[in-house]
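So, here's a batch of structures to check.
One chain, chain A, links the two complexes that follow: it is found with chain B in the first and with chain C in the second.
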Partner chain A sequence: MPSIRVVNLKKYFGKVKAVDGISFEVKDGEFVALLGPSGCGKTTTLLMLAGIYKPTGGEIWFDDQLMNDVPPKFREIGMVFQNYALYPHMTIYENIAFPLRAKKMEEGEIKKRVYDVAKKLMIEKLLDRKPGQISGGQQQRVALARALIKQPKVLLFDEPLSNLDAKLRMMMRAEIKKLQEDLGITSVYVTHDQAEAMTMASRIVVFNKGKIMQYGTPDEVYRNPKNLFVATFIGNPAMNLIRNLSYIRKDGRAFLISKSLHLELPEDVAKKIEEAKKQEGLVLGFRPEDAEIVHEESGLGFWAYVYVLEPLGRDLIINLKVSETDELIKVFAESGVVVDKDEKVFVKLRPEGIHVFDSETEELIV
Partner chain B sequence: MRLSFYQRHADKIRIFLFILIMFAITSPIILSYAWLILRSFSVDMNGFIPTKLTIKNWRFLWSEIKGYPNIWKTTFNTAFVAVMVMLLEMIMTSMGGYALSRFDFPGRTSMMKFILVLHAFPSVSLMVAIYYVLKYLNMLDNLWGIILLKAALETPWATWVMKGFYDGIPWEMEWAGLVDGYSRFQVWRKIILPLVKPGVAVTAVFAFLSGWSEFIFINTFIFSQEFWTLSKYVKATIGDFRFADYGLLSAVGVFYALPTIILFFFVSKYMIKLTIGGVKG
Partner chain C sequence: MKGKGKAWIFLTPMVVLVVMFFAIPVILTIVLSFTNMDYTFKWNFIGLGNFKDIATDFVIPKVLLNTLIYTFTTLALFNVGCALLISLLTTSMPDRWGSFFRTLWMLPRLTPSVVYGILWLWIFDPTEHGLVNFIRAQMGMPPQDWLHQAPMVIIIVANGFIGASMGMLIFTAAIKAIPTDYYRAALIDGASWWMITRKITLPLIKWQLLFVTAYQTLSLLTSFEYILIITNGGPTFRTEVWALYTYHMAFSNYRFGYGAALSVILVILGTVFALLYLKMFKFEDLMQKPKVEVD
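Up next is the complex of A and B:
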């Protein structure tokens, strides 16, 4: 299986810069997700990998072969589309056999291969039907079978699960991941669902507005977001942000302050802020699980009042506000925790869960 | 609770009234066809009542009538024009519609606007110009001249209609075909074309009917009886230099309309399912 290397790839549609100079690498047999909001250029990138769109600039390499001008049929790729793109006038059998017919394969061999792959995906009973006569989940499997039948070297997925209902999506998520692991085919998976990207991919490319925001393992992008976009896009609920903070040093101790908030910082965090030479316009970020609600002041943290409670069964999300005008802060608590509405509580932060961003560049400082 | 007669049968009464109105609107057409058919089997008519039945009016089917060409030769000419116009239009519009829908070439938008404007011109106004063109091409008094003319005049509009059908096919379908190992042309032939079959059928039926019913160009640019089509034959029965033979006129008229009616019965089910410009599923 080839590795994929994308170098400074660009795609402009007229004046619109759909993809604007991106570079990343997919290792041999790796499963990489392209994650981002709709219209961020992730699907355009995938279509360039498939050879359907011609890049405006930059290079696409499969191993040591430059692919820019290679038409799709010579790329040995399989692709699964969001709407499955099954051919409605052909039976399921003909749909799956279609890529093999392009290779002028002998009929006996085609039949054997179609039955093999149909069995693996548990659709062998549907082979005589037409795509309009089977369910969405089954169509999904047929699309997968059609992508796999010619034994591609690279698999490309374009939001393959977003047309399925939530339960089926969870199931197919695991199945596709297992299939990819078993076959070891280099795979690129486009999705706007961060849960899908986190659970399936070994590395995630986070996109926004045609540019790469961060490239790393799910853990890296979750734990160490490089900028505000990644911090807020990844994680559910998203990372809490408190904006418009200033940094001051008083009596040798370091603080982040605003009108309503006063937070003492650990020394190592303070040092980094000083190194970045930023005083104003700082943003504090922390994940809902990196904070704890307590009733008296202890360690790092700040006071806030309870706004509303969201019970989730196993956990409880406590929504807080520092003051009337601030954004909501969400904190996970175990369902046993007792707090009252409007009660003033202390939000205690884990020191390693503290992130500070520069609101101008949106980049991470600490 | 007491309801009035109208309230109890509201739906039925409404449908009955609806049918009555529709019948009143369509009756001029229905009645004129009924008259035509009855007249073709009678010696003379007293209003809507045939005075005496006969099949003499249909004699043109089995015998030559003086001053007219052979009916079967004429029918063949008509079918030849209709089928050729249909084939030409099918080939050109199925490809042209795809190009208009899928390719982004310079002048595409202005071309589409131009087609609309072009369609607004009545073809009669082109008559003199067409005469010179056909003369230059040595195609006067030649059925191929008529065929090319009809196809040329109708293709732009039909291409526009086909474009609508192609627009309804998602791009992914095409991309899937490319990834599956086919060339653009193969994808068009094996995947996209079968999906716009309803559009091709609509175009074909309209093209056939317009070829079948063509009169003005035939009347103007065809001079020899051996190249007459049925429309010209009907026109001749009304007569410039002879008395109108209403019996013959009716019979030939019915004969002329017959294929159209038969065709309609075959395709009506298919056509009603369509809205021009889209495919379901």
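Up next is the complex of A and C:
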């Protein structure tokens, strides 16, 4: 299976810069997710990989072959579309056989291959139905079968699970991942669902407005987001942000302060902020699980009051506000924790969970 | 007032119009076909007399043959064939060019029909003032009387050029409504243009193909204005089609009863073709089958 290397790839539609100079690579047999909100250029990128769109600029390499001018049919690609793109007038058998028919394969071989792949995907009973007569989950499997039947070297997925209900989505997530691992086909998987990207991919390309925000393993993009976009896009609930903070030093101790908040910083964090030479417009970020609610001041943290509780069964999300005008803060707690509405509590932070961003550049400082 | 009464108030004007301008003429024509009414306008019932006359009318076999040749050649070559070809080609090229070529084909529609007819008369004028003969003269060739040599070809081409635009519009709209992803999937799977056309586009515009074929058959069977202008059925019945013959009988020879009988037969002929098409296109298959959700 080939590796994929994309260098400074661009696609402009008139004035719209759908994809604006992206570079990333996918290793041989790797499963990479392109993650980003709707309209950020994910599909456009995928269609360029497939050869449907011609790049405005940049290069696409499969191993050491430049693919820019190679027509789709010579790229040995299988693609699963968001709406499956099954031909409504053909039976499931004919849909799956279509890529082989295009190759003018001999009928006996087609039949054998269709039954093989249908069996693998557990759709062999549906072969004489039409797409309109099977459920969404089954259509999904048929689309997968059609992509796999020609034994492609690269698999492209465009939000394949977004039309399924939550339960089916979880199931198919695991199944696609297993299938990809078994077959070892180099795969690029587009999604706007961060949970999908986190659970399935070995690396994630986080996209926004046609640009790459960060490229790394799920753990890297979760633990060390490079900017505010990644910090808020990845994770559910999202990372907590407290904006409009200023940095000051008093009596040798370092603080992040606003009208309503006063947070003492560990020395290593303070050093980094001083190195960045930023005093104003700082943003504090921390994940809901990197904080703890306690009743008296202890260590690193700040005071806030309880706004509303969201019980989740095993866990409890405590929503807090530092003051009336601030954004909500969400903190995970075990369901045994007792707090009252409007109670003033201390939000104790884990030192390694603290992130500080520059609100102008949106980049991470610490 | 009750809801039903109110509904009738709104419906009545339309119902009156339909009865006056559709139902009454149809009934009158049928009744008329059993009379031998002429310029004296007398209702003289003669039973099936007109229909017996039609069966023995020596011109009828020629007229029937002309009608079938004219209708189905125009249909196959232009109104469906050419229309489909233009739609397939113009939707396979960049949209700017596609729109340009389609607009070109729309131009005849925008020309008043009498002007359009006269245009063809000028193109094939037997003297050197006609377009074709003028061009021939430039190349040192003698003029030809085209309208005498190939009148059928000329009326087919004249009708086809204007008739193709309707099918073109409908097919183009239908092709554009096919989800782009079907084509992308097919391209990735390595299908050729021909395979995509045959296996995806054509089956998905089957309903529009049926509609245009049926509609254009009926309109070719009944319309005759360009033939009237260009050849008036001649020379000697060579382009006399059923609808034109009906017109000549009724309004040149003032045999209104006979004309009515001819048009009744034309309606029956049209209905038969429409039913045949439904069978040919397996219309039942086009009806939405119920969706079944099974696991």
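Some points to look at:
As a working rule, the second predicted complex is superposed on the first by the 366 of 366 C-alpha atoms of A that agree within 3 Å, B and C clash if a C-alpha of one lies under 4 Å from a C-alpha of the other, contacts with A are read in each partner's own complex, and residues count from 1 in each chain.
Methods note: contacts are C-beta pairs under 8 Å (C-beta built on N, C-alpha and C of every residue); 3 or more make two chains touch, one makes a residue touch a chain.
Everything numeric here is computed off the predicted structure, so don't read it as measured data.
With chain A as the common reference for superposition, the partners chain B and chain C occupy clashing space.
Using the contact criterion defined above for the overlaid structures, shared-chain residue A:134 touches chain C, although it does not reach chain B. Touch criterion met: A:47 reaches chain B and chain C at once. Touch criterion not met for A:300: it reaches neither chain B nor chain C. In the superposition on chain A, contact of A:77 is made with both chain B and chain C.
47, 50-52, 72-73, 77-79, 81-83, 85, 87-89, 98-99, 102-103, 132, 146, 150 are the residues of chain A that lie in the contact sets of both chain B and chain C, per the superposition on chain A. Interface residues of chain A facing chain B in the complex, by the touch rule stated above, are 47, 50-52, 71-73, 77-79, 81-83, 85, 87-89, 98-99, 102-103, 132, 146, 150, 156.
Listed in rising order, the residues of chain B touching chain A in the complex are 170, 172-173, 175-183, 186, 191, 194-195, 281. Residues 47, 50-52, 72-73, 75, 77-79, 81-83, 85, 87-90, 98-99, 101-103, 130, 132-135, 138, 146, 150 of chain A are the ones that touch chain C when the two sit in their complex. Residue ranges of chain C in contact with chain A, taken from their complex: 179, 181-182, 184-192, 195, 199-200, 203-204, 206, 289, 291-295.
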